[in-house]
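Each chain carries a letter (A, B, C and D) given by its place in the written order, and its residues are counted from 1.
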């Protein structure tokens, strides 16, 4: 039987409103530090097209690293499996902004969902153009996925990151030394910071994730990616989507997800749901404290998990 | 429609017989180095109880690290979630026998499926008894899971590992210094090496994995573990089951699996199948070369993947 | 008895001319890669003011990291022991351009003679001014030490490093993230690359090192630094002056020295001699192959070593 | 003018008696944790044979890692420079008991003065014999150096280390896996722990170090080692003698030294003095807090430093 999502969402909203441990808002990007940590939103799109929302589901937030999922999808569309010559597919065993691994592995980042890997993906997506061309392409891709042309960049956030993004500048320069960043570093970072500063609501984000729920299909018709590619992106989200807490997320929640330091998480139940949650406070691993908890509750109530026999819905 | 497993298995057997790159047999355990690398076996048990086999499916081999799945199951039965105070749940980002991470993280291994983690699990399972008691318990557990009392230890392999297992002795002593190994090191290692030296065939191994396919149920009736625990063990297999190639296995094959340096892999399709493959040659990451390839083929032909919508079977 | 330095130098020139293993010229700075590797020069200034030279002792070369000794001396003059809050005094155990250590130690480089440490020293020396001010000060300091106003920067080398110095840019940005670089990164690197591109001959470099031989005194009168500071700079040269081959240099040669990837080495025998050698080919650790060998020969012939009873000279 | 050592020593004794920050006694070896931290002793032997002592100069203490100097001397006597195929000569950049570096460098320890390196040296000194043979040889060597047959092992300390030395057991087993420990691990550790448990007073230790002050000569006549070997051992003491605080000791004190976790330090002024200090409390790097401070005072008062022009004595 299909779980009663309206009731479950209402329950989660109530529970999360009372949660005391809400994490800390990302302080290293000044513009993000201003966000009110009391907010929480959730949006679920099901395979049959229903949309269930709760809380601040229509408030825009900075998607930050969740953009790495869409950037990866675009890069695979451009260069296909050649991408894997420049980025690995393994969990990193390190923090999201670690540079140690790059030294040990000759400038090849471990996966496309840590900062270093996403910077290489951004370099691929630049393709010899100016950042504004690449950013325009990314926005058009999101407009298409969400069927919503209002998605845009928060320029204040982009400026804030540009002014303080020294660790990302270190990563980009380091990989440039190994020729694994090939455009001028400032262009790559300009593109990267703008992509991270895209603002979306939970509702929009859940819509954007539908193709990963549907084996690559766009619900409006046609294919975004092949079934194999959709599966593989889901696999990367599960093994690498939560930085060095990916194993814990798989253990506790059990579905592919990608978090961002803006406090959002996009999570996918293949064949069943595309889910977005958002709450700005982060836990020690840099993932949304309340968002993670909400997804754990949701998985418990619905039985959604890629590690159990499929829920029979009738 | 249910895939025609007999035809698929026959096809895989034929393909693998012709594979030229077969990997290298583990050389660091002298007794394993003697095994004929040309062998390949496969066994699939489905949720409805069918058994499909191919190749050397009834030849016994050393299960090695696959035993870590069963040892973990036993330890969780003994101490429950307290286990996670002594072992992490994250992919390691290092080789299976790495000691570096232990130094950085104060003697707490990253997960129960790398050697250090499995040694802690073994320490838990000893529970103040002699190794033969713990080993006896493990064998009885496997006899129950497989409904087959013939499963036993290959004493020559156990002796071979005891004589050469210096890196494991280093790991155990290192964790003893942090009080994360609590029995005398030689008892813990004695138990660990015997557990690794258990010999099973693909047929037996596939039978042993059924409870992970069935959300924790024993097909003969009753529960082995709770549904939540079964899901969580599957999650750990997916994120950590192939050492530092776990991400790649999830990407290419897309189902939870646990490999051993004896060349075996146990793989689980929740709700659909428990699969065992075996071929002794290992790839650079220490996982069966041909076994991995066979599982990739199997997943491709059947559509089995935890990252795509469930296959509708009728 | 004072060793016959003329004869010893003649002997060394002859031996080095025949050396077959001459190392490889630094390839990562394009301008340096053009230098003829067959060259070798040596200059020795004794405490009583004699100058003994041999080979290409008057050919200018890029002093590169040897500039770190003079930059450190200037920085200590500006901020004294406060410098040690921002830079350590320990050998690094890593390559000269490693970034791993910075991650483990929160942006504090291990010593002022690896690149990261020298970048912090450069940041201190900038003191809120433009790079040309800091560079001007450095050149005036060298003019004073050598009593020679002809010392200048090779602008082609500076430009070459600026265009390719991505690893140094990574280091500087990384430390900027920890607020251990405080001026804009491009200004710090501009100053750093120009300082490395100073061109000096062996004769000039040996003259510049006299204050370290003379417990801080300028042979022309007055003090460059206090005796204690001179001793301490010599100590840092001995423990950290040859990157991750510093221990080997102390073991084989036994006197404080600082090498540069231009192939020069400045070496100090306290109370006895200031020595400069130069040959462009580098060994695997990034130190002059022939230069190191020449200093080992010189130490053997003269008995100069800080680790043996002083040579009685009459 | 020769410094007035009697007055200087009296002054140091008075100063150190009032020092408030005295460090913490090594807690990881239970038997050492019992030692009274208020004790302090000093003994200086000069090149002309004078002995100046102060405080608890005749109280025996566990020499611990200072034994590594004598073990190295014996091993070089047995296998000469072949030793350097199995042990490096570089500062480690890590704690004394770190295992990380061994993994990165294939079981070759960085130098003979960290635990891993000393274990290899012990393995060399075993030479196929039982530990008691090697230990007997070591004791006879110390009897000869000190002209004092009373030096012996504190068996309670040896037993205490054997019972708790798990990190050393980890190091030994790890190197055994790389064939860089070649005798059974328990024999090597038995020998190693007994060697560390040798008990000496400051007076005895200063006498034992005389050959390193005298370019290898025994003051009673004959040679202990060649001048070149004496210099090289001094060089290793300077670059590696204080674990990961070796650079700081060279910077602050400026003479070769080797510390032990028993609180002793042996320090050598080539041509001038062999010095032993002892106070049980350790600083954060594992070196005697008061002992280091006393040597810094001594160096300041006497002008002794290998990094300044030799003190003219008349």
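Heads up, the rule we're going with is that a contact is a pair of C-beta atoms (placed from the backbone, for glycine too) under 8 Å apart; a residue touches a chain by one contact, two chains touch by 3 or more.
Heads up on the chains, UniProt names are A, B, C, D = Glutaminase.
Note that the structure is predicted; figures quoted are calculated from it, not measured.
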Quiz item: Can you give the rotation angle that fits subunit A (Glutaminase) onto its twin subunit D (Glutaminase) by Cα atoms, in degrees and rounded to the nearest 5?
Solution: 180
Quiz prompt | Chain separated most widely from subunit A (Glutaminase), comparing mean CA positions | solution = D
Quiz prompt | Chain centre separation in whole Å, for subunit C (Glutaminase) relative to subunit B (Glutaminase) (CA means) | solution = 55
Quiz item: CA centre of subunit B (Glutaminase) versus CA centre of subunit D (Glutaminase): separation in Å?
Solution: 48
Exercise. Could you put a whole-Å number on the gap between the CA centroids of subunit A (Glutaminase) and subunit B (Glutaminase)?
Key: 31
Practice problem: Mark out which residues of subunit D (Glutaminase) touch at least two other chains, giving numbers and ranges. | Solution: none
Quiz prompt | Touch relationships between chains, expressed as pairs | solution = A-B, A-C, B-D, C-D
Quiz item: Any idea which subunit D (Glutaminase) residues touch subunit C (Glutaminase) in the complex?
Solution: 47, 88-94, 101, 110-111, 213-215, 227, 230-232, 234-236, 238-240, 244-248, 250-251, 254, 256, 270-272, 305-310
Self-check item: subunit D (Glutaminase) to subunit B (Glutaminase) touching residues, read off their complex
Solution: 98-100, 102-104, 166-167, 169-171, 173-174, 176-177, 185
